[in-house]
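The letters A, B and C name the chains in turn, as written, and every chain counts its residues from 1.
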Amino acid sequence: MSEQATETKKTTTTTTTGKAKYQPSDFLKAVLGRPVIVKLNSGVSYRGILACLDGYMNIAMEQTEEYDDGQLKAKYGDCFIRGNNVHYISTIKRR
Amino acid sequence: MAGRLLPLELVDRCIGSRIWVIMKGDKEVVGTLRGFDEYVNMVLDDVTEYTVTAAGREKNQLDQILLNGNNVCIMVPGGDPEASSSSSSSSS
Amino acid sequence: MSSECREPLDLIRLSIDERVLVKCKGDRELRGKLHAFDQHLNMVLGDVEETVTIQDVDEETQEEIIRASKRNIEMLFVRGDIIILVSPPLRTT
């Protein structure tokens, strides 16, 4: 993965059907500064505030909690996650 | 080329409908496709995440996710792993 | 942090000459002073404590045994691609 995601490119993937698209870049703009869950390929997940991210899906998070198998394992004030480990970034449902 | 559907055009046609994504490894994801980029990173809504373990399929429900395209293996439009697993067991 | 962090690597940049925690693949954790890093996240750490966690199952009781072995290394190079997470020390300011 190289340059991607955070850059808004209008040239890519033109809609053949004309349906409204919500691209990854739109999602990222919407979740910046909000609480998210970042799940890694290993199955470990991180819950915290998404501070920023780049085209490699490298992520900087604040007030991060590390969960493994649903159990809280550690807390980090700030943390950097290397993008190649990321499985998904999820919004957190408000209760 | 006319009339032939390019792979990414098929994905594009899935926008707004359910899609089943099989990842490299033991993970599968089903959700409504909202959009994707040139790396096939995908925004999915109303997601069910499956992790295949020795004990069976583990399920997890999520609102909206950005799925990393890096480990995507297979995508099935309109697919549902629960429907297909039951049909395969009945046919064998 | 948000104000000073425009891209994720800024977080690492701000941690130069500070002690950081580096979580690596293979249940390996490194705690040391960050001397240098590059865009791949290759790092040079000094005064490092390496912790390797090993999970074992006791053959008689079938209980899980978690063992942590530690060692100290004066200076080392970490290849960026084995890094999962980097956490800078808690800043109070």
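Everything that follows uses one rule, which is that a residue touches a chain if its C-beta (ideal position, glycine included) is under 8 Å from a C-beta of that chain, and two chains touch if they have at least 3 such contacts.
Keep in mind the model is a prediction, meaning the values are calculated, not measured.
S.K.: Identify the chain whose mean C-alpha position lies nearest to the mean of all protein C-alpha atoms shown.
M.R.: A
S.K.: Which chain pair shows the largest tally of C-beta contacts?
M.R.: Most contacting pair of chains: A-B.
S.K.: Starting from the Cα centroid of chain C, hunt down the chain whose centroid lies farthest away.
M.R.: B
S.K.: Distance-wise, how many Å sit between the C-alpha centres of chain A and chain C, to the nearest whole number?
M.R.: 21
S.K.: Centre to centre, by mean C-alpha position, how many angstrom separate chain B and chain C?
M.R.: Whole-Å distance between the two chain centres: 34.
S.K.: For chain A, write out the residues touching at least two other chains, lowest number first.
M.R.: Correct list: 84.
S.K.: Of all residues in chain A, which touch chain C in the complex?
M.R.: Per the touch definition, chain A meets chain C at residues 33, 40, 42, 46, 51-54, 58-60, 62, 64, 76-82, 84-85.
S.K.: With touch defined as at the start, can you tell me which chain B residues reach chain A in the complex?
M.R.: Answer in residue numbers: 8-9, 12-13, 15-16, 23, 25, 27, 29, 34-39, 41-43, 47, 49, 51, 62-71.
S.K.: Show me the residue ranges of chain A that touch chain B in the complex, using the header's touch definition.
M.R.: Residues 1, 4-5, 9, 12-13, 15-17, 19, 21-28, 31, 37, 39, 41, 43, 57, 83-84, 86-93 of chain A touch chain B in their complex.
S.K.: With touch defined as at the start, can you tell me which chain C residues reach chain A in the complex?
M.R.: For chain C paired with chain A, touching residues are 1-2, 5-12, 21, 41, 80-81, 83-88, 90-91.
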